[in-house]
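Per-chain residue numbering starts at 1, and chain names A, B, C and D are given in the order in which the chains are listed.
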Amino acid sequence: MSDRTAIGVGMVGYAFMGRVHSQAWRSVGAFFDLPLAPRMAVLAGRSKERTEAAAAQLGWAAAETDWRELVNRDDVQIVDICTPGDSHAEIAIAALAAGKHVICEKPLANTVAEAEAMVRAAASAPGKSMVAFNYRRVPAVALARRYVEEGRIGEIRHVRAQYLQDWIVDPEFPLVWRLQKDKAGAGALGDIGSHIVDAAEFITGQHVVGVSALTETFIKERPLAAESAGLGATGTSATGTVTVDDAALFIGRLSGGALASFEATRFAYGRKNAMRIEINGSLGSLSFDFEAMNELWFSAGGGGFERILVTEPEHPYMDAWWPPGHGLGYEHTFTHEIKDFLEAIATGADPTPSFADGLRVQRVLAAVEQSAADGSRYTNVED
Amino acid sequence: MSDRTAIGVGMVGYAFMGRVHSQAWRSVGAFFDLPLAPRMAVLAGRSKERTEAAAAQLGWAAAETDWRELVNRDDVQIVDICTPGDSHAEIAIAALAAGKHVICEKPLANTVAEAEAMVRAAASAPGKSMVAFNYRRVPAVALARRYVEEGRIGEIRHVRAQYLQDWIVDPEFPLVWRLQKDKAGAGALGDIGSHIVDAAEFITGQHVVGVSALTETFIKERPLAAESAGLGATGTSATGTVTVDDAALFIGRLSGGALASFEATRFAYGRKNAMRIEINGSLGSLSFDFEAMNELWFSAGGGGFERILVTEPEHPYMDAWWPPGHGLGYEHTFTHEIKDFLEAIATGADPTPSFADGLRVQRVLAAVEQSAADGSRYTNVED
Amino acid sequence: MSDRTAIGVGMVGYAFMGRVHSQAWRSVGAFFDLPLAPRMAVLAGRSKERTEAAAAQLGWAAAETDWRELVNRDDVQIVDICTPGDSHAEIAIAALAAGKHVICEKPLANTVAEAEAMVRAAASAPGKSMVAFNYRRVPAVALARRYVEEGRIGEIRHVRAQYLQDWIVDPEFPLVWRLQKDKAGAGALGDIGSHIVDAAEFITGQHVVGVSALTETFIKERPLAAESAGLGATGTSATGTVTVDDAALFIGRLSGGALASFEATRFAYGRKNAMRIEINGSLGSLSFDFEAMNELWFSAGGGGFERILVTEPEHPYMDAWWPPGHGLGYEHTFTHEIKDFLEAIATGADPTPSFADGLRVQRVLAAVEQSAADGSRYTNVED
Amino acid sequence: MSDRTAIGVGMVGYAFMGRVHSQAWRSVGAFFDLPLAPRMAVLAGRSKERTEAAAAQLGWAAAETDWRELVNRDDVQIVDICTPGDSHAEIAIAALAAGKHVICEKPLANTVAEAEAMVRAAASAPGKSMVAFNYRRVPAVALARRYVEEGRIGEIRHVRAQYLQDWIVDPEFPLVWRLQKDKAGAGALGDIGSHIVDAAEFITGQHVVGVSALTETFIKERPLAAESAGLGATGTSATGTVTVDDAALFIGRLSGGALASFEATRFAYGRKNAMRIEINGSLGSLSFDFEAMNELWFSAGGGGFERILVTEPEHPYMDAWWPPGHGLGYEHTFTHEIKDFLEAIATGADPTPSFADGLRVQRVLAAVEQSAADGSRYTNVED
């Protein structure tokens, strides 16, 4: 390992996504034989004090309070963007312009226009770019893709995808940034709907070509979060308007002719992170639920579904880990993502999902919003 | 039991539905303390020989080759219609006109117009009428309804219903009557989609008020069935056109404001009779899958889902059966249906689901077909 | 069907077992093409009034208050014994002596001596005899046996069998006959432990050759049941001693070299009728739980377990029933049992499980009791 | 974090256990607010080259080829023992004598005598000591313990524990060290049986007081592993004798009166790491299977089992991790273990499981072996 080339990483943002990305950067080299040795150079955040504390805890060598400084540091070759969607485009474009490689959290941007600008920037920049749809790196999801590629389920007829959560069922849950359109771009649709669109496209190798949609905001006013209200931890009685969807349902067609249904909601009480996808083909079927992330269910030729515990060395990514039956957790999807990203950088390959893949997901989300606004009319996804 | 009033039953049709109805008529009195003792008087079918053999095997005292004779027999007070949908209206209307009680297999009819005529006939007739959406009588489904009525899941936000089968994935599967529009009215939509629409309305106590839909016929030509081709068991190379949908997907809204998604397909390889429904409310959730028909899953307040084995004496219908843990099967949904029908007749109550309930389902199916034909536009369900 | 030979049946006892046997006798001919047409001739019980009411409800043509009368009636060719274990031997031996065929509920008897007498009687009588271990006729269990016979799991290494119930966890549950040694012979061991011993022997085709055991009675005094106390429904404060085991655990060896573990208990809170068996072999494994009775789980070559929905026409007994995915219930195990018994009578074959099979189970239970009494010492099962 | 006291760690062994311990040492500080900051000072192994490579990959600052050097280094305050069981006692006793804190992989030792010596050494040494039964730190297992402590399942009647694997079903699998008594002490019994004994004692808070056992070695001769045979990767036709058990079954009693059954095997084809435990009490039941490690199943009052997704912030250890529904993996049990160990060191508390707990498990294993050798006679566990 001592003779691997070091590569400096700068990360912007240290909330949920920043914490899990940090763990991936910290761990990836201990499990995978990598051509590049990531060095956790610098973390950027707005508050000096908090950013420095986060850097210390998460293992970053330095802290910056301006992402522009980070993007231009000589000891940074990779910029990892873990901020809300409203700043993705600006940071990514600046980082690419500075010659850096960029990995950007999903959804790629809050608007199609921003995403298009990012794709253009990526196309003309020397650095590699990747959008962090981490669920592609669940070993069971990657195995599903492998089975489809090998033709084991034949021609695909149905995709049935859901992403069900329940963290805002309580009307007293506050108006956090994810419920504000200017910050988050969209609600359940953008945050979790984007994941199942990407997963459906990844596993099937097809594109969503048109959709018909319904969206809904069940709770229209919520208490302001303490921070938004300019208050301390004691809260406030002021309320604000939820400006994003609470749930989005859409049905559509894939480029290969399959019918697909999608549902993203934060109001499925009892479902915590049920990112689920089932695919039915002419030769077999596959089924996955992230709440049991180490399992892939496979039916061949109409037989019963086999529960494959995706922990065998021949399963994607799994030769790096533990003996069969010793499962992985959520964080390892990021470890795999960063491993693949580093390998792409080292070999000069284009990492996937690319910014263009992220843009395509964005266009599906835009078509969903347009259809929902337009009486659920079937709406083609822009090419 | 000896002092119960006997009531004569005549059944039309002796295929799949006829067999299971017969078992219910034969068994119901041994388990439920009924006010009326059904007498299996007569079975009608087209072929004399086959009808007589079926009557002997299934326990009917006599056989008729013309349903009109059956409908007018003095020893028949109840007419049970187990034929394909294209003859429901004619038989039911005649039976009602003859003063009989009528229980009719689902879907109520092949067209809204026929269903409307049936509802009119039922409204003015002395006899009771019922449409046989048997899944309402799965104890777990009835328990789900009870939980909703008791307010245990609160205000309903989501309904997620699927009916997945796989019996026609093989393109060599022949063009049976269920794949012909003139006989069956519709394909997966009418046959199994109708069940999940009814179940959603039953459990929630709400109506589907509008839908946006996609339908598809994956295999457009199929070998003629031996019988249709005028041939013996050796088959034929002739093919015919599938004139119904193979799959139907629709999303919509319920009268109480919930979002709903429905999928009916015969192309979900590995799913045999997966009639599934999940309902998420403001206080809890319920989930059911007919492939594990003795289980209802219930989450209270966002907690984990409890697997309720619906075999306790306090569960719907279950005090008539076995000790806890000794589950029921498909046939018992019919036993329960007939028990409820007989009780309604005896007490003068109106049995449910009524023909009007069946008509409402028919109108949902019609709205689905119209939406699918009209670019998936959101289509209101006729009142 | 009209030309089938009728065969008269007399049943002794009309409680839980009598009710489910009646349903089987009533239904079997409608589903299976039988060489013999059972006629439900006569039911015997102690109370004239209750027996007549039961006969009327369950469909028996006549009632007797003395089983000896029943056994000697000319219109009875089959005697079906559904009484507690203390009367099995006497009734069965008398019925065999009278030239009748006998089907007897399990366990075969309350003692090995009684069971031996029954086997001797069966050996010298013209009638056929069968002990009613109905779980052999769960289609999934029969399929497990078929897989073992076909060599699909190879040489058997492990059997892991449990029968878990919870109906006497409450210390206020009364001292019913099943908790009294003179009536029931044993507790959980005899009632449900016998089923898993039989199932293990049936599926593996091997015998239990020795055991080491622990038994326990957790609640040693219980309220007398109203009936036992000579009281009405209002109960009593008198208590009596539980004279049977509440739970029995034993480990042992099979004739083919496998290790086996067995557990029978009525104190597994939340488990209602969890009759479970898992078998691991050199080529694969099988797993079954009666609480999901339509499923068999099969692992080939160490791969994931496939959930086989045992509802396909090629599965045991299933071509008589419904389309795939339309499951069976508890009662159908009895329908299958009686179908097989009638076929054996008609063809002159020896039905299984035979009285000798029942005796062998009895000897295993006796070895369990002896081992438990003898410091869990490994105790050979008598040949 | 910068003001935390650093504490140096030296680890012996870098195979499976060493790899996962390393990841825990590396990660623990990023998730838990610890009073001590572990410094990964030195790794010891036999081969200089391999140890140095492992140290580089796993993040240890230095390498030693003699564990005695490691144990005496000034920059080491904690010794982490990840070697096979035959060296545990020697290393642990030396480390304790050198004033170090010691965490030792399970089973504590290969013999009761060694374990006793370790307990004596621990009792008189200033350092803290802990045996690494990591399954106690599965959040679902810790939650089960909490439920028992809170009285939620009442008085315990049954423990049903299994640890099922399948990695040596193939008779061609070589004679690795885990199959040699001199290295491993025991087979499935010591390696995985020890885990379920510890888990049963931990969750119930009771001790195993006596056992009756059967053990078996199904495959008695195996190919020598390439290394053992003094050969390269091409293998060998030489075989050697398996000197440990392949499977161990035992039943027994707990100090509180419960009945318990245990099974440890490496021959359960299709079960990869099925470490399972179910506990039935007078008020409820708990059930766990490591193959779905983020789930705990709980039945209250005989109701259905609730699937608790153990990912809520109020669940043990889970406030340090991700939002609900984002599960953990195998490695995190070690992170939790080390977090608890560091906290015990900092506060002066005695960490659990202690060496005395490890000794008690060892004595259970010894009683199992003695019973198995002695006709399965019930054998008291030494106090």
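In this text, contacts are C-beta pairs under 8 Å (C-beta built on N, C-alpha and C of every residue); 3 or more make two chains touch, one makes a residue touch a chain.
Predicted model, so just to flag it, every value in this text is computed and none were measured.
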If over half the contact pairs have to be identical by residue number, which pair among A-C, B-C or C-D is the repeat of A-D?
B-C
Sort out for me whether B-D or A-B is joined by the greater number of C-beta contact pairs.
A-B
Rounded to a whole Å, what is the gap between the Cα centroids of subunit C and subunit D?
42
Using mean C-alpha positions as chain centres, tell me how far subunit B is from subunit D in Å, no decimals.
55
Rounded to the nearest whole Å, what is the centre-to-centre distance of subunit A and subunit B, using the mean of the C-alpha atoms as each centre?
42
So which bits of subunit B are touching at least two other chains?
271, 303-305, 309
Given the complex with subunit D, which residues does subunit B contribute to the contact?
298, 303-309
In the complex, subunit B touches subunit A at residues 153, 157-158, 160, 162, 164, 166, 169, 212-214, 216, 218, 247, 249-253, 259, 261, 263, 265, 267-271, 278, 280-285, 299, 301-305, 371, 375-378
Per the touch rule, the subunit B residues reaching subunit C in their complex are 1-2, 16, 19-20, 22-23, 26-27, 29-31, 53, 56-59, 165, 167, 271-274, 290-294, 309, 311, 322-332
